[in-house]
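Naming follows writing order (A, B, C and D), and every chain is counted from residue 1.
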Amino acid sequence: MTNSSLPRTSTYTQRVEFGDCDPAGIVWFPHFFRWIDAASRHFFISCGVPSWQETTTTLGVIGTPLVDTQAQFTKTATYGDVLVITTSITEWRNKSFVQDHRIHRGEDAIMSCQEVRIFAGVKKDSPSSIYAMPIAPSIRSLCE
Amino acid sequence: MTNSSLPRTSTYTQRVEFGDCDPAGIVWFPHFFRWIDAASRHFFISCGVPSWQETTTTLGVIGTPLVDTQAQFTKTATYGDVLVITTSITEWRNKSFVQDHRIHRGEDAIMSCQEVRIFAGVKKDSPSSIYAMPIAPSIRSLCE
Amino acid sequence: MTNSSLPRTSTYTQRVEFGDCDPAGIVWFPHFFRWIDAASRHFFISCGVPSWQETTTTLGVIGTPLVDTQAQFTKTATYGDVLVITTSITEWRNKSFVQDHRIHRGEDAIMSCQEVRIFAGVKKDSPSSIYAMPIAPSIRSLCE
Amino acid sequence: MTNSSLPRTSTYTQRVEFGDCDPAGIVWFPHFFRWIDAASRHFFISCGVPSWQETTTTLGVIGTPLVDTQAQFTKTATYGDVLVITTSITEWRNKSFVQDHRIHRGEDAIMSCQEVRIFAGVKKDSPSSIYAMPIAPSIRSLCE
């Protein structure tokens, strides 16, 4: 028996700060997306993928912008809380992938999120135009 | 002929600033959620609903936290762009509602988002615990 | 009589949103710096200086990073407030300038800020290293 | 010989993330203030001061808003960097205190900041109005 059916996971720990909370005293939801974006990048780092600074030069990959996201908010969090984000890639497509994030505070499920992201290249003649590159085998093999 | 089939809509205009953009030179996606949250609140203001500061006292409603969200990112935006967010409520449920947001830059569709939100009350004995209140008819009637 | 002693000023209007406020119900101070940074850039736009995207190509100027800042917080602000930031350049030095920002809500002085900024170039061999360029006469003459 | 002349210090570690960086690829400066605000609060936690949630009830202290700040930016930082913020209180006044923050990346000095803050109470009849309370001896004695 192998672990071939289990995707790699990474964990990312985030303290909640006073300034992350709104007048209701709870985390203002856009901050969850800030942390998930960081967890997304750390997944690749934990797999040994070079930084986007490096892949910009070597592969033309400037990062993994978001195409589509779904999120469910289950419990609130407040400052002083420590959140753990567990991240994995649950599906590989030709030019995109699905990344799953689960945020917990101890046993409590706080939020979950399913993202479709691409590996983006930049059009030479239009630096603010990005496009989905075919997924580089050298990156995918590190992440599976 | 009536306009009964057309939901109310509001529009919210947002400049994109330098600091909203990431090293790829495009809007970092969590900022879109900041603007959508603002557009969500402005929808209620445009319908004549009092501020959450006031409804906290009068109805016990502290705001409309997010339960679930889905978003599709179609085109990138960068600083100097002016974005218009068009917001409507597309479904009323007993204790939640669905709010739809469309972001355009001129004719270009940049992003769309469908949110499930609640009208939240606070538990007296636990100020950071919120719960979904039945939707106040005085609010709903202003918004339809 | 001339207006030679009066510096140019620009004004930048900013709504305060729910998510800009902290658990005390008031603007969390780092947001004032976000708005001041936007006001700083809009000053140059209002003077007719091209965008940093354009000056990156034409002059090698990627923007005006901050070297030193001082700020005084006089009154609090909360969501629903509309703030007006009045910006001027009060001193030109060889490789830096002093920019002054005053934030008001109607008659109320909310915050003031004095910044030392540079016009930054990027070192070719080290894209994350920036340095202070001599101030381009073509920019300065537009701003005086 | 005693260490009576050395103020207490705390350290706060902060990763720099992709989304903290601007189109120039470096940390957008308002984020430094976000981190300094967190370091400010952690100083009190490290001294054993209860959370602001608790002091709101026990002492009427809702937090330590900023009155005045000065900051010097020495070197840039980018994503992947790990920053350490060293915090101390360098002066106690009747109704305010001076807090000093130094940000380093390894040996590199990135930024320093001197803040004047107050311990704030809220006016009962006007929840968004705050005022400077005399500094509670029970807090000060923990921090010296």
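In this text, contacts are C-beta pairs under 8 Å (C-beta built on N, C-alpha and C of every residue); 3 or more make two chains touch, one makes a residue touch a chain.
Since the model is a prediction, treat every value here as computed from it, not as a measurement.
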item: Higher-contact pair (C-beta pairs counted), C-D versus B-D; value: C-D
item: Pair from B-C, B-D or A-D with over half of its contact pairs in common with A-C; value: B-D
item: Mean-CA-position distance for chain C and chain B (Å); value: 29
item: Averaged-CA centre spacing for the pair chain D and chain C, given as whole angstrom; value: 24
item: Inter-chain centre distance, chain B versus chain D - centres from mean C-alpha coordinates, in Å; value: 33
item: Per-residue multi-chain contacts in chain A, two or more chains; value: 18-19, 22-25, 28, 30, 34, 37, 52, 63, 78-79
item: Of chain B, residues touching chain A in the complex; value: 22-26, 28-31, 33-34, 37, 52, 62-63, 65-73, 76, 78, 120, 122, 127-130
item: In the complex with chain C, residue positions of chain A that touch it; value: 18-19, 21-25, 28, 30, 79
item: Residue ranges of chain C in contact with chain B within the complex; value: 15, 17-19, 25, 34, 37-38, 41, 51-53, 63, 78-80
